[in-house]
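Listed after this line are the structures, all set down as structure tokens.
What follows is subunit A paired twice: with subunit B in the first complex and subunit C in the second.
Coming up: the complex of A and B.
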């Protein structure tokens, strides 16, 4: 083991641990069910992962800046319900920007609390998880929201349309991933996000406006949530109030699975995308294999923990920690 | 400064006390006046209002029915799907010494100790919508709600009748999307369906069951996987229409909806509309308004000293494309 980490292959493994884990799962599931890798299935999995994926892109920024965002699930329910409701009231052309503005306001509010008031992000976003859920229920009166004329609206394009043979949700997810990947890796803003998360005090002394960076990360996260809500609403043209419930943990799992540190300062958009795909393929794979549902909970998390372990083991070149 | 503040507080307190005394005097007089008609106080702790339109409509109907009755005063609480909160709410209602408690259990097992506590405090407990586990039956006065096992059997019958009409009762293959695991309604509907289907259509195969958690989007994903896994699906049974429509959406997107018989339960507006479009075959008609009114009526009857059967079901008939005009479109 020790010698392997010094070899070239070791360095490759260290960088690509999560990709290797991903490949292992794909091979395993394909052996278990030949249809796992059929184009139809792969397309289906990526499309249904797109919603989670778009949200994970935004949360990646928040996590790298050293904070958490547990509010994205209920915020997504909010966006979905609002845009569906407004669709019939003011038409899709106005409903979409109106929903984006409302969702961005929620993100800005959280960003203000965590960034400028320096409140603990876990507490703030946990609180907002409940508060936004309450807001959504108040808005809808608890009723399911459905678009009346499902056949005659172009609004369905974001969730059900396809271009060049690729479903639109996938295109949106990949475009947004490319865009945010560039923002994070190549712009001064992206570097400041890493700096704030890596060492906030040092960042402040280097003249970085920490509060502003954190604020912008949450706004970015809420923007992604609005996009996810748009896809969700468009995909089913109707929704329950709890459509995003519990997604916050899946999103966080995907981001962490992609190798972002919960302590901030590390992670990339590309790896988050891999994390999202792993989660999507695990859930789909277990269904195809036909495992009994109760077992799926256990297996899903066993695989996630195994993946994180493989990633870390590859990074340090050893299976076990030296300080055991 | 602080002395003034104290004085101010004392003054305020005095005002409040005087006011309270006056109110008390008034209400005592009021009580004496209304002696024979003193309103029944009924508390309700619901499962999770807002999680779906059924529960929301139930709550609205319950409040409306209570308001329409001058002899009834209700304390309406919602556990938000949280067992611990529901237990605390039960304790609150016991403390308030209400005349009867209606509970829509968040979990059929975990609420039993709280129900038992109410029973020891001699407050009659009415379980509504989905029953608690058998271990708690001794502490419950009556169960008011739909018979979910019958609903599951009826769905199996609808499915089988349809297969017979299509002439595929000897080869049809069915997948099932069940409700939230561990939730009594889900377990009972599944049991009713699983037991009845082989009785009426012995040659139909139920190939797989996976939960859709009462969630349209989740069941859409489950159905997508089923469509990949099985080339031949003739019927889908979903534990409610919300999930049934999710499955239908998946089949429509894969261009395989034609030739699949979709049967659900708890007819929702979306299910009713899909039936109108001819895409969805049938369901079980269950009105949350009937459900809420039956629960309230059971409580009133119990307080008035009437004897009620332990299982006080309200009827939930079959609805299919053939007879749907006899039913009004659900409001939820």
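Coming up: the complex of A and C.
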């Protein structure tokens, strides 16, 4: 009997562990600093999570299809630098679509390598993380990129504007989440993404063109990156070459926290939004209780590992593997 | 022989799974120095018995006795420590490592500070290899060896312990004739050293060449042991097939339609050569042959998973090229694959979504999937095929094998294919659901579908087929009609026996 209830507790922890951990964090932060749950702080967290959140939406597709995307951080730097540079050269009306086209090309290239050439997504996107970083530096000559006339451009609306009292970045995040949530849950494409990630062989045997689905997931991911780059550029109207550096891990952490399995085939856009908010609140809470900014990196990693562990543990029904 | 102590004895082994009595009081004894054949149709219980012996399954009843000592087996490794060693059909070697490292993997001889004692390792290994009289040495990289020689490495591994009994499971499946001779020499060497040998094979010729006694299993129960010297292939076959099985021939009384699929001289590398057959609407064409005879490869070629190296495929009289499964499906060829869980279903998805997966694009209204239409299809086929599940939301992985298979079949029926191919329709399915699936296949033919059934179970092929294509090592040996086929002639055809007769 004792071992039965022990197994039960293990399974419960594995399934609900993230939410329990989150609750503990929230209570701890609130006790440590009363401002944590104030409306201003909550809004602040959501706003600062918007860029990360937009990227996480795209990566959700990639992860559900059974792959990884570690290139989104450096790709976001690329989009930001390109759109800022072109803003002064060809004007914002042309700069924005031009930046989208270039970013989508990068996504298509990755999608080609992982989908059609069947290369390992971890290696491809890790390589692209570095390659795109190099591309960005080559493009900018290593210089920071700034818009010359920061006061006189409407371009700032995407990052700094607000409508109906809600900051535009949050609106974009929520609208895109709703749109992609529908694509994933309600369209044949979304269904195929789940099938490909759940069992790629069975999907192929059902006549689904696996390579095409994987390709489209990466294009989708790069589209979200372009949106994120647009918000980033618009918010600061100037940028370093490394603005997106390290974001790939935060994005991945958010997606996994939301409950998408790294093994593919499960996850939803709604859960990813929850994951983004959990990550945002934890990182914000760490700052509010007075920890150094840099502690975030350690904590984010600890969270990823916890989430992956619990995912595996939930699948095998216990916390520890019996096979050494 | 009777005054000797058996090397290994199994007594009244019973193993049941939910709904199936896989082993029903099976007994078997192997004398030291004896080669004992274990025979039976697929599904007769041979592999279950071996899994019990290897400690992978625990029997509900019965005892395993090694040299008069009752023994409980808990794992293949523990069985090995008791002197019971398995040589599997599929090799499990680390190809990058040397022969010596493979043989002593996990138990390498050590010197101080945990360093490997390479000298001792190589000397020990070469001593074992010398007994086997092989043409390679301890330092050879396993990946450089032929399959036959890799098998020798497996055997050498078995000899590192004081083996009481060695079990060979279909050891000649991937060997050439010359390599077989070497293997048989090794087996007779083991025999001389007093090791008891259980030899599992379908190949009569080998059985009669190297074994002393033959024990036969059928439907999970022990049917008798014959002295190889005093018996015939016919007697063994009789015992294997028995009369208890449902051998009622398929008596179709409906009209056959036009030829739906025609295959002419189809070849694919060395997998199969010059294969020709046709299937009419309303007909079930069975494919029967041993593992490795090329049946599954033909099916994969028809479904666009392999590219043929020659020959023609005609659908409704028109020649077609099939480039991918998606292409095959759009042309009207559907496949219920052999590996239901690996190829047929997305186990984490619900029943309905699995069933409508191939047509989710066509079912949509505007840009969205049409859940109403999907559920309608699910309800229709749930009723039609009697799929037992609480509802469409049920995750497919939670269903029984039989119900899972019905979902895969329904997946294609709802698209009304021209040709439905069913590869191993009842693999891993309990006895009750088996006959349901068989009846379903007959019904489909009666409704005018052209059906191809590939199976390695003879009763199944005999029961469902209107005609049977017998295959042996990549070739069609003969096509039988259900009136002319007999168990004996079918077994002979798939063992390659008619090959020599036909040539002569």
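Everything that follows uses one rule, which is that the second predicted complex is superposed on the first by the 264 of 324 C-alpha atoms of A that agree within 3 Å, B and C clash if a C-alpha of one lies under 4 Å from a C-alpha of the other, contacts with A are read in each partner's own complex, and residues count from 1 in each chain.
The definition used in the following text is that a residue touches a chain if its C-beta (ideal position, glycine included) is under 8 Å from a C-beta of that chain, and two chains touch if they have at least 3 such contacts.
This structure is a prediction, so every number in the text was calculated from the model and none was measured.
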Clash-or-fit label for the pair subunit B, subunit C on subunit A: fit
First, second, both or neither for A:153, with subunit B first and subunit C second: neither
Touching partner for A:195 - first (subunit B), second (subunit C), both, neither: second
Touching partner for A:284 - first (subunit B), second (subunit C), both, neither: first
Touching partner for A:232 - first (subunit B), second (subunit C), both, neither: first
Touched partner set for A:40, first subunit B, second subunit C, both or neither: first
Partner chain in contact with A:268 - subunit B first, subunit C second, else both or neither: neither
Which of subunit B and subunit C A:187 touches, first, second, both or neither: second
Touched partner set for A:48, first subunit B, second subunit C, both or neither: first
Subunit A residues touched - subunit C or subunit B, whichever exceeds: B
Minimum Cα separation, subunit C to subunit B, after superposition on A (Å): 26
Set intersection of subunit A contacts, subunit C complex versus subunit B complex: none
List of subunit A residues in touch with subunit C within their complex: 182, 186-188, 190-192, 194-195, 198-199, 201-209, 265-266
Residues of subunit A that touch subunit B when the two form their complex: 33, 35, 38, 40-41, 44, 48, 137, 141-144, 146, 160, 232, 235-236, 238-243, 283-284, 287-288, 290, 293-294
List of subunit B residues in touch with subunit A within their complex: 49-53, 55-57, 59, 181, 208, 210-211, 215-217, 220-222, 224-225, 228-229, 242, 246, 249, 253-254, 268-270, 332
Subunit A contact footprint on subunit C (complex, rising order): 303, 324-326, 328-330, 335, 337, 342-349, 353, 357-358, 360-361, 363-364, 367-369, 411
